[in-house]
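Structures are listed in the sections that come next.
Next come two complexes, and both contain chain A; in the first it sits with chain B, in the second with chain C.
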Partner chain A sequence: MKKGLTLLLIFVVVFLGFSPVTAEAEQEVTITVWCWDPSFNIYAMEEAAKIYAEIAPHVTIDVIEESDVEIKLTTMVNAGQTDALPDILLMQDNSLHKNIISYPDTFFDLTDSGIDFAQFADYKVALSVVNGRNYAVPFDNGTAINAIRTDVLQQAGYTLADFTDITWSEYLKIGKDVLDKTGKPLLSAIAESPGLLMTMLQSAGTWMFDPNGEVYIAENAVLKEIVEVYIELVKSGVLVQVNEWDQYISSFNRGTVAGTINGCWIIGSIVQQTDQKGKWGITNIPKLDRAPNATNYSNQGGSSWMVLASSAHPEVATDFLAHTFAGSVKLYETILPSSGALATYLPAGDSAVYNQPHEFFGGQAIYADITAFAAKVPQVSYGLYNYEARDALGNAITQIMAGADIDAALREAEESVKFLMW
Partner chain B sequence: MSRIIRATKYLFLSVIAFLSLFPFFWMLNSATNSSVDILTGTLLPGNHLGENYQTLLANTNLIQALWNSFRNAVVATIASLIVCSIAGYGFEIYHDRVKDRLMVILLLSMMVPFAVIMIPLFMMIGKANLMNTTTAFILPTISTAFLIFLFRQSTRGFPSEIIEAARIEGMGELGIFIKMYMPIMRSTYAAAAVITFMSAWNSYLWPLIIMQKEASKTMPLLIANLISGYVIDYGVLMLAVTISILPTVIIFLILQKNFAEGIITSIK
Partner chain C sequence: MLKVLKLKRKQNIIGWGFILPATILIFIFYFYPIIRALLISFQSGVGINLSYAGLINYRRLFVDSLFKGSLSNVFIFLILQVPLMLFLALIIASLLNDHKLKFRGFFRIAIFLPCATSLVAYALIFRSIFALDGFANILLMNLNLISSPINWIGQPWTARILIVLALTWRWTGYNMIFYLAGLQNINPTIYEAAKIDGANAWTRFTKITIPLLKPIILLTTIMSTNGTLQIFDETQILTNGGPANATLSLSQYIYRLSFEYSPRFGYAAAISYVIFLLVAILAFIQMKVGDRR
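The block that comes next holds the complex of A and B.
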């Protein structure tokens, strides 16, 4: 009798213990995702949902368009209302470190989730690693490109090859010659934006913070070299400064400048001007002459997918990402042609779709080229106060262009970031 | 001589009018052009209006967002007009020293920026299970120090003899407010309505945080989404902006005369 009872008890425990697991496997699960661009990341997410529907039909992916993901995240985490957060959200790479450090335990640790981070560009993975743990699946590529009007170069007697693997001093020299012969500057940049300076910084594997997270602006010799290059670019007329983003886009759409250096996502704005079809080419960016670790590769912008720790089904969300953005070349092949959403998922670079010639760029296989650039971008840590440092540098460059002393302006920038950190 | 003065005046006014109207012209004109044409600075109307409209409809939930904005703004306007006019009336008609001090404290609250109270407000709304609702949208704005102040100032010009006469006739306090005060003060109501409707219609930060569902998005959120991508379609953006200002323009035109009167009486 006792034995019978014990058996029954064991049976009940085993049955109860296992039942939720079997139920979970068949239960309908909805994974909510926040991202913001209908023609780009929302589209990519919807395509990923289609791929995952074949693998796990019981999972529904609900994509919600959110323009200010960070404000919402900050408010909800501060208010302790994490149940209103989605399961997955897209985060700007510039803010990854800040949010992971500021809100510990908010994001799901993906280190041992089975996602193979070695398949992504190293620099990109490093942006979401804090204390050796991975917190995001890299998504769109911000690899820096030097996009140039090949027809203008031809007029001046140059080719794209003359701009490949060169230094900034060579770039300046050719740039002045192109300006003399064609009247067109090679670059435009928004006057108060430090974007181009940041691109140059990362190309030399350095940032505005040292490895300990301390501000590294005033004594940063590389940064000083960059500022000098920038001044020379502006003074020589090779770079024209504009005031706004739309003026910047307009400068190459109108053809007043013969090129641009930015994250590869700028392609989307270049190809809008169909009159210039076949007249563009893409190569790597110039490298600094003196900086010790200078390279011809860098990054500007980009974003990554994060799983929220507050999610009711973090394993399902992770499994979804593992099978799509971190495991499906097919996904990247699907989203590339219409959205230009370039992967940092390196296996995608070998696919036939990535190697197809792009008519707008004179038949160049630009996507394969850019994916190859991505593998060589130096790693840096953007740190907790990245945006504050960017703003400070933006102010410094405005002052320097107005005639202020470089050292004094950089020192002031460093002090203002230190003040904000304090 | 007077002709020269007149000509100068007209010239001056023309310049000011041009400066005020050009952005509107630019907006309307851009709505008919493609993004590249806008960026290359065209001033001529284009033929991309239909295309922009199709893109806008395909990429956004335009009708839903318009309806959400409209419903939220109308409910918020009616609710805050009722609450603030009663408060303003009360502060002026039944005033004593305590109420005057209270009014000063109320005015000080205008100096607290919204960002400061945002997180506690969000917690309250979240705990009350009001996320994604019109109620959540209007609750924080239903009573504003500015509107109460506007009504209190305007009530100064309301003849107290009317109230006394009505009381003698045996009319109750609520009756006096509804039957005497409200009709006479309609220009103040009109001014307050325009101000409240506009701020509710344009409000961004608060709905951004509390409206979590796609179906509860408002127009400012929709427009913000249009400029958050890597590539901005300026034609579609300008069309969305044009559509979003129409309701405020219409309401302003209807209430224009009363609006001016209302503002003038309150600053007398």
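The block that comes next holds the complex of A and C.
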């Protein structure tokens, strides 16, 4: 009897020794998650928790709404209070590099975790890779779209096809014509924000930094072309500048402008205006005329899931992500229709749900289209000083629109970013 | 004798016992961070990769155009706003101090109420009032004072004026309360005597009210200077430091350095010490100038 017990114990120990994840499966584990937006990220995380509950019933996923994830993270890590951090958090893609580099050993290395990163859009995975190591599971899709009011186009004698695979000069030409015939500009943008310029930059596979991480603003011929396109858009009246986000949203909700170019998450704001149902269409964005690697695809915004190294159960947290956001087409099928949370998880694009027509967009299968765009978005590295560069470019465009010389303003922006990199 | 000493000691211990909790809390949550910030300001690096760097952060301030820009912005606010606000508060306080004025209580509350509103809420409301299609522009257009809407937050000087306006609206009532309290302490017979001697309202205001309120004017000046040097909410929400950093404040720059840009806590701490020094120096000058006994 005693012998049998010993044997059993040995067996248990050996068994446990060989599979550490199962070892933890014996006990109850709680994984805390920080993310923002109840109708989007939190909802998606809760659905993921439901799916994982069937796989590992002993794991509880505790989703906490936290709108200032990054500020809390910064404060806690700097204060050395890592025990108060969650196991998983959501991070803006723009900040990934900055935080991975600023806080070494804070994030759990996911490279050898068994998550197949090849299943995600390449450009998105690249944003969370530092020194060849993966630190985040890609989540919401920021693929750039050109959303246009098809009814306005019709009045002017155009269709969505006239805007597909075109260049900015063609866009301008049609835009002026649409403006003449209908009185409606095609675009609106926030005056201080360089968002559209950054979308254009990535569409040509370039950024405000070169691949070595050096500032690439003043000498960047592509950026100069972009600024010229932007000035032309504003001068011709095809793009109207607004002062803030609410005005930007209401410009297309009220129908003052006939379209918008942004990350595909902007769909959430477009569909709010239910009386415009069936009057919208989505296509790819215009490409630059002169830039050598110009494409019709880009990205704006988006976020990814990170596991913290300070977690008591990083393997469980990783396993959870591997079985849900990085492995469950079912999850994406559930969250897509109700929240519009679009994946960069490419296998989800083949799902029937993704191929369903969207009534608001006149029956177009927009999700399948956007997932197809996502696969073609050029890769860039946002780098450690992305926000510094964004602000500098925003100031430059403000000055340029007020009449400053393009080269001088870009030179000044480059100098100011260089100064902040020390 | 011995008994008295014992009693005194006992009283002392009780006294210390009362002060101790507050003292400990002030030390932990005020003085400790102040000292830590000083130590951090001698360190340099991104995020937690900090190392001792001596005076590098302080030396960097002299060549930092963003720092110099935000410093001058803050001084523009200070020079425009503090005198305007305090003068208004003084005048309103003297008007409300008139016992013959009807509805004094109503006016007092109406003027004080803005400073009971949330900083964020009022900044948001100001932003919508001064939007391109906001109330201010519509009003000015209908009065035929302007022909096309003013892009308030889109131009450097209108944006700065907007901040000054907002600050004045928010804080005038707050300072007025101090003056009202001060005015209560001025003997009405002095005014009566001056009236009999033929002094008009302006003379009474400049020769009696202002000199007798001097200690309170000094207090409000120091408080307002301190507050304006640390301005954050208004510039963050109303203008977000724009256009092109024309309204960026020092506190906002500190915030960006710590939480938006690649985190540089050492440098941010150095800037916070500059604010500390500025407040100290300005308060010292104001006390020297204002307190000539």
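Please note the rule applied: the second predicted complex is superposed on the first by the 399 of 422 C-alpha atoms of A that agree within 3 Å, B and C clash if a C-alpha of one lies under 4 Å from a C-alpha of the other, contacts with A are read in each partner's own complex, and residues count from 1 in each chain.
We take it that contacts are C-beta pairs under 8 Å (C-beta built on N, C-alpha and C of every residue); 3 or more make two chains touch, one makes a residue touch a chain.
What you see is a predicted model, and the numbers here were worked out from it, not measured in a lab.
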Touched partner set for A:Gly268, first chain B, second chain C, both or neither: first
Which superposed partner A:Thr164 touches (first chain B, second chain C, both, neither): neither
First, second, both or neither for A:Ile249, with chain B first and chain C second: first
Which of chain B and chain C A:Gln379 touches, first, second, both or neither: neither
Which superposed partner A:Gln119 touches (first chain B, second chain C, both, neither): neither
Which of chain B and chain C A:Ser39 touches, first, second, both or neither: first
Touching partner for A:Ile71 - first (chain B), second (chain C), both, neither: both
Which superposed partner A:Gln356 touches (first chain B, second chain C, both, neither): neither
Partner chain(s) touched by A:Thr60 [first = chain B, second = chain C, both, neither]: neither
Interface residues of chain A shared between complexes with chain B and chain C: 71, 78
Chain A contact footprint on chain C (complex, rising order): 46-49, 60, 63-66, 127, 131-132, 151, 153-154, 240, 242-245, 256, 258-263, 265
Residues of chain A that touch chain C when the two form their complex: 70-71, 74, 77-78, 98-99, 101-104, 106, 191-192, 242-244, 247, 384-385, 387-388, 391, 394-395, 398-399, 402, 416, 419-420, 422
Touching residues (chain side chain B, partner chain A) in the complex: 35-36, 39-41, 59-60, 118-120, 122-123, 126, 131, 205, 208-209, 212-214, 217, 221, 224-225, 227-232, 234
Complex interface listing, chain A residues touching chain B: 36-40, 64-68, 71-72, 75-76, 78-81, 84, 245-246, 249-250, 253-254, 265-266, 268-269, 272-274, 301
